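Just below sit the structures, each encoded as structure tokens.
What follows is a pair of complexes built around subunit A, which joins subunit B in one and subunit C in the other.
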Partner chain A sequence: MSRQATITHTNTANRGIGADVTRPDGIPKVQGSFAFSSDLWADDFLWGHTLRSPHASARIVSIDIGPALATTGVHAVLTAEDVPGQLNFGLEHGDQPVLAANQVRYVGEPVALVAADHPDIARRAAEAIVVYYEVTEPLTDSEAAPQAAPIHPDGNVIRQLNIRHGNINATGEVTVEGTYEVGMQDQAFMGPESGMALPDEDGGVELFVSTQWLHVDRSQIAACLGIAEAQVRITLAGVGGAFGAREDLSLQLHLCLLALYTQKPIKMVYSRDESFLGHVHRHPAKMWYRHHATRQGRLVKVEARIVLDGGAYASSSGAVIANAACFAVGPYKVGSAHIEGLAVRTNNPPCGAMRGFGAVQTCFAHESQMDKLAVALEMDPIELRLLNALAPGDRLITGQQITGTFPVAEVIRQCAEAPTPELAPTQDHRNLPGGSGRTTEATDTARGEGFAVGFKNLMFSEGFDDFSSAACRLADGVATITCACAEVGQGFVTLAQQIARTELGIDEVILAPAQTATIGSAGSTSASRQTWMSGGAVQAACNKVRSLILADISAKWGVHLDGLVLRDGLICTLDGQQQASLAELTANRAYEADVVYRHAPTEALDENGQGNAHVSFACAAHKVIADVDPDLGLVRIRHITTAQDVGRILNPTQAVGQIEGGTAQGVGLALMEEIVLDNGLVRNASFTDYVIPTTLDMPDVTIAAFIEEPEPGAPYGAKGIGEPPTISSSAAVAAAVRAATGLDLPRIPIRPADIALS
Partner chain B sequence: MSNTYSLRVNGTDCEVTDSDITESLLFVLRERLGLTGTKNACTEGECSSCAVLVDGMLTCSCLVLAAAVEGQEITTVEGLSNGPEDLSVVQQAFVDNGAVQCGFCTPGLIVAVHDLLEADPAPTDTDVREALSGNLCRCTGYGRILAAVHAAAEQMRSTP
Partner chain C sequence: MNRVVLPLSLQEALSTLTADPDATVLAGGTDLMVEINRGMRRPTSVLALAKVPELRRWEITPNRIHIGAGVTYTEIMTTEIAQAAPALAQAARTVGSPPIRNAGTLGGNLGTASPAGDTLPVLATLNATILLQSANGQRQLQLDEFMVGVKRTCLEPGELIIATELDRTNGGQEYLKIGPRNAMVISMAGVALVADLDTRSVRCAMGSVDAGIPRALKAEAWAAERIDWDNGAAIDPAVAQEFGQRVSTECSPIDDHRSTAAYRRHAIGVLAARALNRVCSPKRNGHV
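Coming up: the complex of A and B.
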């Protein structure tokens, strides 16, 4: 582990970068006074409700809103005819109707909106709307989609991306082949979609909502409302988790439509079952792989075909399939590759962003393949991974050379070599598979150990103009930071304060609300990008303020700029002989600066999937110990070890929290989480039937090492850390269950029947 | 059907007016009494984000009709501290140990942990996991939450 000291201007209170600072919103959150988007209230507000399609594919013959309108307490019933601007919206393609007009393409597609005095009245009125559907056979098989009749004017192929690298006809002495499948995972954030829209006097609308990207919400909303962007003022309301599910619009437009129509404040809160229908999910994947290697275990070529089910609308499927394809072989050096990536449209629920973004699905496949190859070669699976590990200077299968830090081998080694704590056979039923259900005796269990490593890109790729904006104002010795970065729980608010303290040598930092009216876009809280991007913007804004102060004092004192430092609320000469209080200096004159921060530009991929499409990469590895009851198919994970490439740790406790939390989502995908579909119908839209890990499912996680190799170009050298823990954890859990059972288990989540009935 | 009744919440009698008799305790706390600390993640008794104490009994407020608990002592997360500067030991431990990320599950957990440590001041790790297995959290993976519970228990034992 290396930790480079790069900070020269710091404060002694040690609440800056690298310190274990607690969250500024921690106290209101533990007291219940933090205002989430579902906690909003306004005088005389109405409740909104959405009528959704019960069919995966149907033509809308007619909609009779009369019975709903006639209901006492109902103020408005809106359909597609009431959308004043563009009828469609979307992150990459405007292909999704605000409200379905003639055709519904998935179960849960919004058809009509109601505003009423009480949420129950709104719900009952929505049920009273009479919609005649001409039901048609849905397209639900992703592999059949490309050849099937188009279910949307834009066709059934959202994106095809083929990567041809090296000699695609190369062969290896040893080959292994496999077909793998990943189910549809839900982000299952705790805070349901919710918000409040208030009409403005100027014909505009003010929206308080939980989202991941205020400004891209604004542009989509304004276009569909047919008003100027400046007339849509969005403020981030408290966000109860996101994990990708809030990158697309859900209820934002519906709230605004109802508010403008009724000229009253509108509040909407999805129920949990509606939430399952109301946001995009992780793409289910079907993957075929063939690995070629030399007898000594060097990878020669990887062939793969990856089909992601994008569901009814495009969302970010184009970028997800790019990630799945670009990182399809894992963090390994492979001379030749032929990858066919396909994201298709079906009548299943739309899929888009979820933590790990395409790399999760292919990690399960490439790590399963690496274990298979190790068996075929009679080689230790860790040794095989180390032999092929990518390193700086190597090229990805997209031809891109890795120019930053990328300690894959170190991550593998640290994770693999960390000792596993003594896990004596337990007599306590609560720690056995099946838990206090007392289904399993200790003697009936088999133990297995599994290992996996994965990686992905940080920030947006393929030439996207990716930026963040921030402003800093220093007055009375207090810094105010303005940035539209969506705090969704990840802890950016803590880091922003730490950065300002470090740059300005002061302690008190106020964060202005994240809103569209006061500052430019911060980009999305996704792709592990905000610490780098908005952290970089905050750092640059503070730096600019610091430079202004240094210039003034340098001139005043006749001291060279290099001879001055900001620390402990003072500006002083390096020897401390001359000093002034920053509070006094900024009492009558505020210093202000705003910046737009960009990462290094990236390129589009060419027709062979080649190009410098990505900015930076991060990897993680997991080692999992699982106990399995093979007769009942029950799994109890006993311990997880991980190591991660982090660049530099800015807040140790928050980093641990990201890694533990991300790992848990991977455990969920491996063993229990799947949206079960029956001809397009979601069968388990509740926390009763869609099960996420609890305290009994998550074991202790040992972080064997944060590998700190500062990333050139990254603010403080820090890499984003949110996604890597979710990439390799699922694959490692699956490997552990395989090791315990000897079964192939080519599909996650691994269901009890997959073990017990095999 | 509307009705007027009174609920005793955090030691205060609160009149509930214009409330449909079918409204849950969760809805009345949040929407009628403005006590939005109690959260609404699933409203079907699966996640415990709405946990409150009813006559000292840990209860999912989404599963109880408000009018049915008239006359009973209701404690919500707002009733567990005496102001912004006066956190309970459990609340402080959650802040200090990084047990809070998005914070949506936090109020329910705070109530549940108060209930647990009242009943068992020295729970084992398995006891804590078992007791909190009904509190869903999606951000933390529970590691820092468990650390906070053990830290709070230890502090409560050492400062009687």
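Coming up: the complex of A and C.
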């Protein structure tokens, strides 16, 4: 293991790579002064509102917009008939109507749009639209979906992916079997969907919106509006958070449709309740597993069947099931595997990207299985994991060899061996199950410890042409970086500046707004990819500028390129004898460069699910101490320890933030976060009833170690760190609750009744 | 919306309400604003009580506690009210988060009249009287007279809740509440329990398990007979256990998205047993 800095450029101001640079939006967000996309304003704008389907499955017999149009203050009421271009959109498949035309397939599906002078007028006008629905029985059981009558012309199977690896008839001396279930989690980001669209004189539209991927929004919007991509100009507006929920279009197209129709600026802001209906969620999963091992504990084969409920439309279900299947066995060496992965269509709300992207669901299953196997083998569960841990040079069940760094054993060891702080018996209800409800005394509790490790891929996979674009301009000693990378809280705003400082030896860096008009695509802020991809693009662009400067000075001074360095705002010879100010050098002439950065290409998976489909991998482990009140089924997590494979830390505070936040999201999934569905109806679309962890649910997190083994090919050796904390945390919490109660608990979230009434 | 009136006295508030009986009464707004934001209520005019001094007062006498409708949860938790009615302070502490407790009022909890309202079971066990006033005069009601159903009260147009009066009791008081997380939750089940040493009685009321706030009258009487009142209200833990089971039969919980009827009933039993154990002292086995 190497903790050596790989960086060779000088970082004089100490605000470069590796420094604790604070986020410019951090304090404003805490103080309430940050301008979110819901704070946009323009002269003479109108408010948009969406009429949504109250039914999970129904035929639209007729829509009468007359009463709504007749309302004073209403400027437009639009339905599917008013969509000028393609009627459908979608990230992977264009299967989702901009507005439902004949059929609604989930509760909340947009049916009509209203623009009015006031949000309340728009809302009431939408209520005045008369829609006759012929309600049909919804298809809500994911396991029944493949055989059921198709609910969409594209059929009910969104993607089937089978992985056959090694000898699928192999058997082990010891087998354990289990069936597991994961509920539907919501991203519950800050700042519900909002934005503003303004018509342009050229027939185009300008859109300010909180999103994750400006350019893919643009291509979908342009196609449905029937105009050229260049006529759609998108600028990123203030984002609260995203976690995958902003990767699909929500209100983007609706805003643009209304703006073009009314030729006025349109603003839309979803309420929190509407937000729950307006974006995709984490796929609920049903999983069957059978593990085969030798008596000594070596994994021989894993069989699994994984069914993900994609809901009514495809979104990114195809890629999510690929991850679920590819990483189905966890970061373990397994000679043979037979995995059936299925993403199906139902009349439940659509599911798509969410932090951890398929690996979260299967991690819960494979880690539950590893604990079961340890019991069957009478083996220490940590030993069992270490014995089977993947390492560089090993192959995944897709046949892909791991060529980069992958310190699974080190992550397991560091996390498992880290001492847990003394947790004294407490009288303070805040540290007991039930918290402020005062339900539980220390004597009512049992303690359990749980452990889990998980991994996933970084960047887009399966042959996707994944790239990012960035430009650097150095003038008057100030660097301006242009990149369309969406800042959704992951930290690119600081990293881009840190990178430029490190590469150019200057301190002042301006990050231009993220826009489609000024630069090419940066790709999505997802898949733990932006530090690598857009960070790589920024680094390459800065490098080019540096090379241009070095070439000029080398010629002018007659010094070899290797004898020159940029630091402290100067260009100088290595001995410092000769130097010039970069500000003066770039006062009359700007140095500029732009680049498109790509990661190493990947391949598609073949019919057996084999192939070099992924770029790089990262893993994390969690150890959880939980106190449980078995009589009431209440849980207080007392402490969490984690270790993570990070490649290299570029900003320590931001790394800690990602790990704590990602862990909290995993705690939420394990214990409370679930969209409750009743025959396709969402029963808890509000923060009153969709609960996320509070400070009394989240304990302190000790980061036992950042395992810094620089990843070859990654800028500065850094791996994405946003997703791994969310993968293993849920599984570790569930394991701790099992340890405390002795119950099977095959489903997350674990509800109080699952413990108390079993 | 036409207008918002911010009266500076109770007199002014009542005359405003008489003139405009449809005005929506606003106290801390922690329920009302949620409903307005959801489009469930569209007030035409608002009567805001924040500056009515009579409603912000409390008074503690030897036997009773008078709490103005505009007294906040934070005040209940942090003033002498907390010593005079410990279970009320415990209930207040379970409500929402600090900002909600700074704004939310006892009158508002009554006005909303939700079976999940955390103070209501406590009021039921402390023999609360709800004071209502209109330009025509005052009414005094028991909680079960005031709250007539889920989110339904017998408030009449032109009438305001002005205060609540509760017993001071000699003996232990408890409020316990379960939610789907450890803070800032709507109750899935709650139990308030008072052991009254002077009257040698037990009073127990339940939240979130019925259309109203039921009292466990039969279980109360059963327990009162089994508590050793002369020995520091001692109780056999097995009796407390059975008390819990008995209490849980005196409610009618339902299945909904927050929980199931079966869990709620079970939880009520556990909470009631624990509450009784806490307000009593343990009796050694065999000692009757």
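Everything below uses one rule, namely that the second predicted complex is superposed on the first by the 749 of 758 C-alpha atoms of A that agree within 3 Å, B and C clash if a C-alpha of one lies under 4 Å from a C-alpha of the other, contacts with A are read in each partner's own complex, and residues count from 1 in each chain.
Everything below uses one rule, namely that a residue touches a chain if its C-beta (ideal position, glycine included) is under 8 Å from a C-beta of that chain, and two chains touch if they have at least 3 such contacts.
Values in this document were obtained by computation on a predicted structure and should not be read as measured data.
Engineer: Looking at A:59, would you say it contacts subunit B, subunit C, both, or neither? Reply first, second, both or neither.
Structural biologist: Neither partner.
Engineer: In the overlay, answer first, second, both or neither for which of subunit B and subunit C A:688 touches.
Structural biologist: Both partners, subunit B and subunit C.
Engineer: With both complexes overlaid on chain A, does A:589 touch subunit B (first), subunit C (second), both or neither?
Structural biologist: Neither partner.
Engineer: With the two structures laid over each other on chain A, which partner does A:657 touch: subunit B (first), subunit C (second), both, or neither?
Structural biologist: first
Engineer: Which partner reaches more residues of subunit A, subunit B or subunit C?
Structural biologist: B
Engineer: Is A:271 contacted by the first partner subunit B, the second partner subunit C, both or neither?
Structural biologist: Touch status of A:271: both partners.
Engineer: Once the shared chain is lined up, is A:556 touching subunit B (first), subunit C (second), both, or neither of them?
Structural biologist: Touch status of A:556: no partner.
Engineer: Taking the superposition on A as described, I'd like to know which of subunit B and subunit C A:39 touches: first, second, both or neither.
Structural biologist: first
Engineer: With both complexes superposed on chain A, which partner does A:756 reach: first (subunit B), second (subunit C), both or neither?
Structural biologist: After superposition on chain A, A:756 lies in contact with subunit C alone.
Engineer: Looking at A:295, would you say it contacts subunit B, subunit C, both, or neither? Reply first, second, both or neither.
Structural biologist: neither
Engineer: Do subunit B and subunit C land on any of the same subunit A residues, and which?
Structural biologist: Shared contact residues on subunit A: 120, 271, 430, 436, 686, 688, 693-696.
Engineer: In their shared complex, at which residues does subunit A touch subunit B?
Structural biologist: Going by the criterion above, the answer is residues 22-23, 25-36, 38-39, 41, 118, 120, 187-192, 238-243, 269, 271-272, 428, 430-431, 436, 488-491, 653-654, 656-657, 660-665, 686-688, 692-696, 698, 700-701.
Engineer: Any idea which subunit A residues touch subunit C in the complex?
Structural biologist: 120, 123, 271, 273, 430, 433-439, 441, 444, 631-634, 636, 671-672, 676, 678, 683-684, 686, 688-689, 691, 693-697, 751-753, 756-757
Engineer: Once bound in the complex, which stretches of subunit B touch subunit A?
Structural biologist: Counting only subunit B, the residues touching subunit A are 20, 22, 30, 34-44, 46-47, 49, 76-78, 80-81, 84, 87, 91-92, 94-98, 100-107, 110, 126, 128-130, 132-146.
Engineer: Which stretch or stretches of subunit C touch subunit A in the complex?
Structural biologist: 34, 37-39, 42, 90, 93-94, 97, 174-188, 190, 256-260, 262-263, 266-267, 270-271, 274
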